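Below, subunit A partners subunit B and then partners subunit C, in two separate complexes.
What follows is the complex of A and B.
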């Protein structure tokens, strides 16, 4: 690290580090409380499920002795509170149990599928930001004209239609009417995959196997657009609003007087200061987007975590459901924490607070 | 002319269009046995995958065509509307009552009540809603009441968050103080003064939530976890359409259009009502 950067970092940490650390610890604590709450809810929901999980694991005709032994093995003969802490202890050690339907370690199954979902969600997020920001800048540039009104109407309608319906529309348009993209799966099954991790997209780029990248993107594009559109609409609306507010401020007027064009003014001066409220919102909305992957993956037969979750529910595979829900919850609170810290770092008012 | 009046004038056609579609769809659902041209469950393999009326090979009486079992699509959509609207009203109203009550308490009373309720909302927000719904229905067992209960259990937080924030800002206003000096009790003030002022937001959210409930029901029946598989629902028709998409696109297109119109109408109707009743905008 160059010396100047190091020096700046030191000054920064001295000035704001204490406050940030405090904020971080408070948020971390809240996050842990939330996760504990999630664990309780998941545990309770699963335990009130009618139907004996042990009976489902054993072949029909098992003796009462076998049932009792298995009950003891899984701790089901203990009180519900004891059961909860035994289960929680296991979870904290990374022991999420064994999937009933797939007969494999739950954590392993979850980690196998998580990368596919993360890649899909990230591509969708990037698309949402690109589409939303473009629309916002375009709208702010031509404020008060028919273009802005058009963007308002389009974003309003886009926002009201959920990802599930966008997915279906895309399937009809680009899967059937003009079949340009693949509408099911993550990658063409006949392809030979050299990957060692489950991050296919990242790995295909790193290995410069762009043919595989293209195939992956062709599969990913439509589910990603379905997830991205509602978020893009929200970004377009909020960012445009913030941009319009900033564009009336003195320093922007000054930039305009200096002879910058309107687009230059927006990109160089206004965007930086207008982006903060949008950034916070995008963070929260990103968790909704990830939640949306559950049904969108199903719709496109994309082999991610959400698709596996629905199979797990249909098969009443309780350990697997627990594991997936907990991993989603962990992801959600981590994103919120990250957004919160980013907000604290970027917001000048908080920085001096 | 002030902005609010422009906004209101601009909103009216929206209100009429959205309200018109909802009324039409609801009437069709209520009088389904009278207007559906065919029995929605009647299968006839001689009539399988008939195209809609304007295409070659269509049969009179089967306006929107038939699915792969020869069941009339229009009749199934009309009967499916029954489930959709029952779920929309029952689930959204339950979520609204629960969420608004907790939101009012948290926002107006503050303190420990607020802290506990807000913490529970945080926990709820950490669940992916669709997965949560699927899980709850799997646990509660499929059926109409399970679907309604699941949606209410999940979506009360939407109302709670908004109403809490509104009640908080109302609680700080001068008129609340005057009411207190005038001798009203805290619960009296909450119900007489705060509640009417948060009502526009509640109404808008309620309408929006009905649209969401329709979608969630469609998603649940899409993954065949809603009500019994015999009764037609919009989601089960879509699931069928997704499977036969290359042979009979109409089985997917018509329920999709129905769902989009319904969801858009619910959200636009809510927005329009909010603009009309909002004391600030008015």
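What follows is the complex of A and C.
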């Protein structure tokens, strides 16, 4: 590590380290408790929910012995408490069990699909921020005019349409009427992929295989836009409101007096302070956005975790459902932790205790 | 390099232009076929696990693995990996002749050892074959050249028919033992018309024509099967030209799409029926109520109004393609007679017979709407049924525990067309899939399971179907039609089993 970087890191830790570490440890503890709670809830709920996985796989001539044998084979002959502790013991050792329908290691299956969902959600988030922030800045700059009213109306309309409906409209527009993008899948089946990880988009960029990047984006853009639009509308509304409040503060007025243009005032002076509430919201909404991938991935046959989750639920694949939910929960708490840390870092009042 | 706003806009326009120039995506390389398929393929071993008994994915398996005995599109049997099969006179032995000159996808020879190993493995309960209850009925196989004999443990007249049905596939002994279950899952090989080129779970399957195939060579060199589980997305796939063939779309969409230029359709009745299970409890214990419930339903109207005329009303659990179909068994639609029957049991429109009917919503075409219509027809004669919607998983759970409501909608597939796999398992009390469980019916069905005289066996099942119809132990509704929409550049041959087989597709002249 270069000396300058080490020096900066040391200064940073000296300045904020204690407070951040304390906050981090508290959040870590909360996170573990949350995950344990989620594990119990999901385990119990899917077992008391209607639908017996064994009944779904019974062959036509199955006898009572066959049914009992199948129950024992999948460990469903034990009490829920016993099943839970056996499963928990496995999870603590990194063994999430074997999928009933896919007959493969659950963790392997989940980690195979997670990168696709993360890439989709990240692209959607970036789009939402870009669209939402642009609309907010434009609205704040043109406050009180028809442009702001137009942005408000567009945000309201965008927000009132759920992501899957956006998906259907996009399929109709850019998949059927003007077929620019691919309707289903993550990448064209005809292509040979040189990737060693499941992070196809990241890897294609790193390898400078822009042909593959474009193909991946052609598959990803419609589901990403469908996911991004409702979040973009929320960002636009909240950030615009925050900007309007900040724009009346003394230091911003001073900036105007200094001769900065309105755009410069917003971008250089107001945006930093106005962005804090939006940042928290974006963190929370990002978790919802990941949740939203379940339906959108299904609609676009996108091979992510959400698509797999639906199959798991239909097939009552208990180990796979548990694995997917737990990984989703882990993602949620990690994102919240990251947002919390970032907020503490950016907010001077929290930073100084 | 500095990029200004103008450059950026220019790049954006260029990117959109490039994407547009890439159109149309309908243009496929010669010998390429793309299919938008309605289900995912969970696992590659067609003989174990839950996917082995999923009828919808058998078309995918049959493209890669040959069935032990072949089946023509009309469900009749034809030599496959076995060229001859049968029993000895007293039904204590089976005799099979294995096709010679067949190769596995890796080029190694297909042998009788593969057949014996696969059948022995299928009969071993430890391997988890869901149809083990059939395969265990023959063991102690012996090989003599390309002939195989086996000892019958318990005579099952449908043993050979199962060789064209669920789990009736031969796997490569040497290869499987070398790579293991996990290795086979990653790189499956069979003897079928297509070889697996690339497989992305939940996304697509790329197939390549098998150059060693023993049968008719597939017309398309490369086939891409996209797993598009959402019906609206499948419609978009075919409409945009991204796929050339798709199936199982709403009938309304089928009618709309086939009118479009460049698209054509094929719709055929398949081996899948809609029915209402009756459970032997509550009001259903009254024969008059059951008969009235059956007679009150206008199945023609259901087909005409709800299914746009696609499909066919049925009066037994056998369709015309099945071995025990008896056209003489008719159940009339007679609401007046239904009223009389109900009146005889003290029921009327003012004092209706009451029970619950369970149904799925969207699991099969118009399932919920059909039940709504039936409830309306029942109301007019003096039956008040309360609809309870549940998921299909709940149906299986309740059925296995014999806890279904007095009436429950379900669909039943039977791609070998034998009565055991329709009326048999659906109506025989000890079967975990039956709902009506009474001794009188079981006494009639029981002896047929092991009947050695085929003509007598089929006649026996017809008699059972007649008895069921008279007693109104079940309400058979319709035989489903399977809609397939395809590009006019592709000829599609529909299989009555419902399996969509790329090997049966050819480029249109």
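Methods note: the second predicted complex is superposed on the first by the 305 of 353 C-alpha atoms of A that agree within 3 Å, B and C clash if a C-alpha of one lies under 4 Å from a C-alpha of the other, contacts with A are read in each partner's own complex, and residues count from 1 in each chain.
To be clear about the criterion, a residue touches a chain if its C-beta (ideal position, glycine included) is under 8 Å from a C-beta of that chain, and two chains touch if they have at least 3 such contacts.
Quantities reported herein were computed from a predicted structural model and do not represent experimental measurements.
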Report task. Could you tell me if A:307 is touching subunit B, subunit C, both of them or neither one (first, second, both, neither)? Result -> second
Requested in this report: Examine A:94 and indicate which partner it touches, taking first as subunit B and second as subunit C; both and neither are also allowed.
Outcome: neither
Report task. Based on the superposed arrangement, let me know which partner A:259 touches: subunit B (first), subunit C (second), both, or neither? Result -> neither
Query raised in the report: First (subunit B), second (subunit C), both or neither: which does A:144 touch?
Result: neither
Query raised in the report: A:299 contacts which: subunit B (first), subunit C (second), both, neither?
Result: both
Requested in this report: Examine A:316 and indicate which partner it touches, taking first as subunit B and second as subunit C; both and neither are also allowed.
Outcome: both
Report task. Have a look at where A:175 lands relative to subunit B and subunit C in the superposition and call it first, second, both or neither. Result -> both
Query raised in the report: Once the two structures are fitted together, what part of subunit A is touched by subunit B and by subunit C alike?
Result: 50, 168, 171-172, 175-176, 298-299, 310, 314, 316
Query raised in the report: Mind pulling up the subunit C residues that touch subunit A in the complex?
Result: 15-16, 18-20, 23-25, 36, 40, 42-43, 45, 48-51, 53, 125, 128, 130-134, 181, 185, 198, 200-204, 206, 224, 226-230, 232-233, 236-237, 239-242, 390-394, 396-397, 399-401, 421, 424-425, 430-433
Requested in this report: Spell out the part of subunit A that touches subunit B in their complex, as residue ranges.
Outcome: 30, 33-35, 37-38, 41, 45-46, 48-50, 157, 160-162, 164-165, 168-169, 171-172, 175-176, 287, 290-295, 298-299, 306, 309-310, 313-314, 316, 321, 324-325, 328-329, 332-333
Report summary line: Interface with subunit C, subunit A side, in the complex: residues 50-63, 66-67, 69, 73, 100-104, 112-113, 168, 171-172, 175-176, 179-187, 189-190, 214, 218, 298-301, 303, 307-308, 310-311, 314-316
Report summary line: Per the touch rule, the subunit B residues reaching subunit A in their complex are 119-120, 122-123, 125-132, 134-136, 138-139, 141, 211-212, 215, 218-219, 222-225, 238, 242, 245-246, 249, 252-253, 256, 259-260, 263-264, 267-268
